[in-house]
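First chain written, first letter: the chains are A, B, C and D, and each begins at residue 1.
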Amino acid sequence: MPVIIALWCVAALFALACLGVVTARWRAGTALVYGGCLATSALAFSIALGHLIAGGANSTLVLPLGLPWVGSHFRVDLLAAFFLAVVNLGAGVASCYAIGHGRHEAAPQRVLPFYPAFLAAMNLVILADDAFTFLLSWEFMSLSSWALVMAHHREADNARAGYVYLVMASFGTLALLLAFGLLAGPEGGYAFAAIRADHHPEAIAALVLALVLLGAGSKAGLVPLHVWLPLAHPAAPSHVSALLSGVMTKVAIYGFVRIVFDLLGEPSWWAGMVVLVLAAATALLGVLHALMQTDLKRLLAYSTVENVGIIFIGLGLALAFRANGMSGAAALAFTAALFHVLNHSLFKSLLFFGAGAVLTATGERDMDRLGGLIHRMPWASFAFLVGCAAISALPPLNGFVSEWLTFQAILLSPALPQWGLKILTAAVGAVLALSAALVAAAFVRAFGITFLGRPRSPVAAAATEADRFSLAAMLFLAVLCLLSGILPGYVIDALGPLTESVVAGRLPLQASVPWLAIVPVSESRSSYDGMLVFVFIALSALLSATAIHRLASRALRRAPAWDCGYPDPSPLTQYSAGSFAQPLRRVFGTIVFRARERVEMPPPGDAGPAVLRVDLHDLVWEWLYAPIARAVNVAADRLNHLQFLTIRRYLSLVFLALIALLLVSALWL
Amino acid sequence: MMRIPFGATEAVLLIPLCAAAVLALLPGYRPAARLNVFAAFLTLLAALSLLFGEHPAPGHYLIVDDLNVVFVALNTLVGFTTSIFSASYVGHELETGRLTPAYLRFYHAMYQILMFAMNLALVANNIGLMWVAIEIATLTTVMMVGIYRTHEALEAAWKYFILGSVGIALALFGTILVYVAAEPVIGEGLDAMVWTELVGHAAAFDPALLNVAFVFLLLGYGTKVGLAPLHAWLPDAHAEGPTPISAVLSGLLLNVALYAVLRFKVLMTANEAAVAPGPLMVTLGLVSLVFAAFMLYRRRDIKRMFAYSSIEHMGIIVFAFGMGGPLANFAGLLHMTMHSLTKSSIFFAVGHIAQVKGTQRISEIGGLTETHPLLGWSLVLGVVAIAGLPPMGIFTSEFLVVSSTFARSPLLAILLVFGLLIAFGALLLRLNGLAFGEPRGGTASVKASYAPLFAHLALVFAAGIYLPPQLVAWFRHVSSLLG
Amino acid sequence: MALIDALAVQGAQMLLVLLVAPALVGLVRKIKARLLRRRGAPVFQPYRDLLRLLRKEVVLAENASWLFRVTPYLVFAAGWVAAALVPTFATGLMFSWSADLIAIIALLASGRFFLALAGMDVGTSFGGIGSSREVMIASLAEPAMIMIVFTLALIAGSTQLSTMAAFMDSPAVGLRVSLALALIALVIVALAENGRIPVDNPATHLELTMVHEAMVLEYSGRHLALIELAAALKLLLYVSLIACLFVPWGLARPAQGTVPELVGAAAYLAKLAAGGVLLAAFETAIAKMRVFRVPEFLGAALMLGLLAVLLRFISGSF
Amino acid sequence: MDRLDFDISHLLAGGLVLLSFVLLYQDRLYALLNVYALHALTLALSVAWQAYIQDAPHLYVTAAIALCFKAIAIPTVLRRIVKRLGIHREIETAVGIGLTMLAGIALVALSMVVMLRVTGKANPIAREDLALALAVVLLGLLIMVTRRNAVSQVVGFMSLENGLVLAATGAKGMPLVVEISVAFSILIAFIVIGIFLFRIRERFDTVDVQALDRFRGERR
């Protein structure tokens, strides 16, 4: 019974949390807790993977907890199994990383107790099979992750990040709560089975969809609910950031899929449209923000926003196809989305690990104070490079496969009957292509500024390689990125039964395709073979290298950089993060961020330097959130006068209330 | 089930009374505090025997039924834990000289009288008696709020006194009206004020008269509940009195007043012709919730802030009862229980915090999790619980209220959610400053008694995950009565 | 036997592109010189340059990392594989299905990715200029290219180059507005991607205007040779892409035997020559534009592509 | 149920309302206290009358309390306090007398509408008494909210409470009336003591801002 084992794993994690409280003070505690988490996650992962591949039947369990007349239901079906696998994979690797990384933690007592609890909460969300348990775990997940975000609470930014995060999170939870209120009805049929059973009318479904987009969307980071994400994810310790970005957003996506695809029944066609619009906006805005950041971890966080957008594009397409009964196309889009879920959890964790390694080695997150790390931390930078290539969707790595599948799904959309959807999908395709290209730019920038060139600060010059555990975790993920890139057929086949169960259609069996290629629709239409591409590139590179070294010269001489004859010793003459982004800022920034560049020249005769100032505006924040905050403050100020009235005035309030009620009872009752 | 020992109901009343008499004479604070704890403990035992024994037959004056048995138990429990807390608290107050032994004797006696009054109000089967009990409770709390004799304390006490008296007067008028409504049906004399009788014959009462009566009762007892706009006394009384009293006020007295309102709501529901009291309560509840939520933002005094949060939660509870229906009523009852446990535990923490930091000003307290990890984290836990975050009991009740409301009247639910979110934002904002960030304020070590604090939090936590079926049975029965 | 055959043909194609690529560059240079009334270097000069470079030693900047040294081979390999997957003289080659058009574009993108990184590796200001401008151009050119692919894929019902070429050859394809739009867009993209005038000037070393050349400024010896070769392959790839998609005549069908393949090869060379002439003429005709005009230029391509796609989405008849 | 009982109780209750109006009208402290004494006296009479016609002897106790405590003790004590604390004799009103009177009339009308509509079943005396009692209660509240002066507010409260006792006695055969009136007398005693102890001279709703900061709400 997978569900039982999974629940035992959760229990074990809670036990580890208690252990963390006790052992936080001693040195061994870190290794102990994280090791335990690693083992538990490994177990849970294997269980989930086994269930997924075997395509096993749903295993359910009801415990007499939670709401007494409902009980708390748990269930492992294929969807849950997939997400359990993703979550526990990420969790396990993060724990392994943390065994090494956690040693550098200044305040372990603020991390160790909450980390296992956070893992447990994420597992519980996926296991839950009734509204109460689901929301309880969901909000508990927010809570525990909030505690982790507040781990370094001395920095004012982190406190603010934690505040924004938890408020947004509970906003999302309340939205979901309302959604479940609608789904369950006034009698409170909270069990998912009951919700699935009864049919929901059009209007209700529409409202639920909106609420779920608010709830799950705010957790996943859909624009315009993403504002907390780039604040909170960087604030946490790096292995937690990896979990937040790589895994927790996936749990949010699971919530969306669970409610919209599973509980809500047949969607109406425009549902897909709404999702697609939001998703496209998210993808584009996320990557543009990422391009403007100079804080490495914040850049990664924004790129998470972008990837969430890509995943939701897949989901939106799946919704649209499903609503029109095109089950094959729906299966393609859904597979693409899930595949990207997996991929993103892999390379985003990897990248955050890299950022964490840099942070521990240099104490810096600002790219403009880094550089040249490839010489000092070769392995870490290699792994980070793989991550960058993967997230930039370069073949033969995994990022490309899921994006390729998404493109293939978009190419199927002219068959859709609705004009709006057709045109929208085309536009979405363009946006997707644009953001894919921009991602490549963003990560050239990230890797180039951080790891290449000459060190821009002494700390960067004095950096040292990351520890064994961290490297092991990173390289493991790098290998996984490559494997799932060159052997995508297996992943797709593993997802087959799942898509079958959710969108009533599946991709053709890939195992039968020769040469390990993948054929989403038909041989003549499109096919891709990561394996062969990889082999070809490797072979031709090796071939040329050996040939040249054999037949032509292999001589090599080190010399100062030429730089057109004017080499400048100061590392400050290198391109910085800001200057690298300048061309793109000029192209996109002027519209999206109202970017303005001001050059402040010193007056004639003054030898002072000229200063180039760039001011960017986060319009979402300035147009949506700032006004709300202002409104609340104004209201609070106005009402606050009521604290300073006199007894007579208070009495008159009572008096008026009495008169009012008497009038009511005299006139109406 | 064991047979109940003779006169447990009376015991719940007599023990505090005798204790009060002794305490009034007993000099020296240590024995007094001990006796105080001991008496509270005995009362708790009696209440527990009520809880687990079967209910005695209702008399003309006293009754124990599903509606009040839980609250009696809760009342005595919190009374007991608070007495433990107050022992360590007043010790510190003596050292700092804010309280003199003479006042302390007075304080302990008053404490027991308050217990007596509240238990009486709970077990009273006679609406007149209930009224008297609540008046006594008001007077005693007024005394205790003013006990520090500072100008603010006196001022708060006076405000509380005047507003409370007016409220009580209104409640009395409502009570008289109920009698007038009952008298033609039941006949003159005591029976017409006995609650069980009233419920039995409520169907035959003049509905219009009941409506007017309920207006007065709602406003009268609502003043004690602290519903906006009748709330004015509450924040200052909490802020200026000794913290144990703040805990008792928020944790118990509000509940007792609300319990009175509930009794009469049952009466209203028993009479079909009478207008459903729902809309009134929903309106008052929402007003209190939203108002208190906004008021939280500008608070500078930590105790006053949590007082406002009490108003907010009373608003939620009254809203729930106003909505009615099995789910909402259940949620309301659960919320009452959870709120009194949580809020009193918060005040325990706040009391010690104010003592170690030497101030109640939020701006001068900071980084508690650094300076006093245990206190700080328990404050965090308490605020997390009161803000309705899982896995605490309040999450359960809020879950039920919101989800059951939205399906019936979306607009109200959205208002409710709005209020909840606003309040959450405010609480979290303050918590950030109090528990995290750079440490501010004194770093003196606490000789606090954490037992009560953790006991309450443990209960709340447990309730968030598992509700004992017995409790559920009681609550469901009561919610069916509440309609 | 058939396997051997297929392998042979595939290998032939790989060799062909590798051998022809420098000649194409040389041809373009020659014709440009002629149009400027210079005699110009012989067409086969690029081969000589490559050999010379290959023989020379590599002068490596002190703080160049392993990435700097690996990149040329990667870029070359990516370019070569990509070029080898485009049908030149025959469709349906053995491995042509292993990467469709999207994948080919992605291969070029990965080449560019590493080249841009290499540009930043030494930590000189010129490398930075080159890389940042390169990614800016690419970030506009790639989506345009994807849009073009969409258009063609929607017309041909496939993203498989062989299938597309075959379809284009068939009578089923008529004269279409979207095709014309796609062609224009594709030409613009090709110019940008290969760093030709008006986007970039392969001949200049005027630092402020150059993009690609600035990026590879620090390379020398065999590394530089490989990068030059990769650039030539890229140019060839785009020309043959245009050729096989818009003038697919003479392409040999799979397994038709040697004769049609030879015919196809001849036709292919002819197309290449024509393409080279046209490119040279175009480059001499117009002037290079400022770097920050390039986005508008490419934006136009993107819009054209999008327009074509929309037309296709709205109705099959366009 | 003969006419006379009804008329007399009606007369007394009506007199109570009338006196409430007089209280409302007063702007001198001593006069206010005198009128209150009269108010209490009327109450005592009416309670006694009720005791007589309901032949409920325990009500005589209530009447006695009303007479001794409210009509005699309290006013004298209050006079003392006014002297001792040197409270000055004019009553500051928040709202003009005329407006207050109008409001009072409206309140009486309201209470009539509310009460007479609802108490159909109850016997006429109870109805009259309840209606008038409600009027007295509301007028008392009105006094409390329109007077700035502590003592006059207390007087308002006490007249309000008289209204309650009137209602309680009017309700035929209502038990616990004595207990309740006793409890209320204690309450009032506390209030009066409170005034004395807390030295609440003029009024608690001072308008000077600094005092506001010091007393109400947050200590900044």
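The rule we apply is simple: contacts are C-beta pairs under 8 Å (C-beta built on N, C-alpha and C of every residue); 3 or more make two chains touch, one makes a residue touch a chain.
For clarity, every value in this text was computed on a predicted model and none was experimentally measured.
Novice: Supply the minimal count of touching-chain steps required to go from subunit B to subunit C.
Specialist: 2
Novice: Averaging each chain's C-alpha atoms to get its centre, pick out the one most distant from subunit A.
Specialist: D
Novice: Quick check: more C-beta contact pairs in B-D or A-C?
Specialist: A-C
Novice: Centroid of subunit C to centroid of subunit D, CA atoms only: how many Å?
Specialist: 100
Novice: Could you grab the centroid distance between subunit B and subunit D? Build each centroid from C-alpha atoms only and quote it in angstrom.
Specialist: 31
Novice: Find the geometric centre of each of subunit A and subunit C from their Cα atoms only, then give the gap between the two centres in Å, rounded to an integer.
Specialist: 35
Novice: What whole-number Å value describes the gap between the mean CA coordinates of subunit A and subunit D?
Specialist: 69
Novice: Out of subunit D, which residues touch more than one other chain, so two or more?
Specialist: 114, 117, 141, 144, 153, 204, 216-218
Novice: Multi-chain contacts in subunit A: which residues touch at least two other chains?
Specialist: 643, 645, 647, 651, 654, 658, 662, 665
Novice: Classify the inter-chain contact topology: is it line, ring, star, complete, or other?
Specialist: other
Novice: Please give all chain pairs that are in touch with each other.
Specialist: A-B, A-C, A-D, B-D
Novice: Would you mind writing out the residues of subunit B in touch with subunit D in their complex?
Specialist: 126, 128-129, 131-132, 135-136, 139, 142, 151-152, 154-155, 158-159, 161-162, 165-166, 168-170, 172-173, 176-177, 179-181, 183-184, 188-190, 192-193, 206, 208-209, 211-212, 235-236, 299-301, 304, 361
Novice: Which residues of subunit D touch subunit A once you look at their complex with the stated criterion?
Specialist: Touch list, subunit D to subunit A: 94, 107, 110-111, 113-114, 117, 138, 141-142, 144-145, 147-148, 153, 203-207, 212, 216-218.
Novice: Where on subunit A is subunit D touching in the complex?
Specialist: Touching subunit D from subunit A are residues 643-649, 651-652, 654-655, 658-659, 662-663, 665-666.
Novice: Give every residue of subunit B touching subunit A within the complex, in rising order.
Specialist: Against subunit A, the touching part of subunit B is residues 158-159, 162-163, 166-167, 170, 208, 211-212, 215-216, 218-219, 223, 229-230, 232-233, 235, 275, 280, 291, 294-295, 297-298, 325, 327, 369, 373, 384, 387, 389-391, 395-396, 399-400, 402-408, 410, 413-414, 417, 420-422, 424-425, 428-429, 432, 436-438, 464-467, 469, 472.
Novice: Using the touch definition up top, name the residues of subunit A that touch subunit C in the complex.
Specialist: Residue list for subunit A touching subunit C: 371-372, 374-375, 378, 385, 389, 392-395, 400, 404, 407-408, 410-411, 413-414, 419, 422-423, 425-427, 429-430, 433-434, 436-438, 440-441, 444-445, 447-449, 452-454, 515, 517, 523-529, 532-533, 536-538, 540-541, 544-545, 548, 552-553, 555-564, 567-568, 571, 573-575, 579-584, 586-587.
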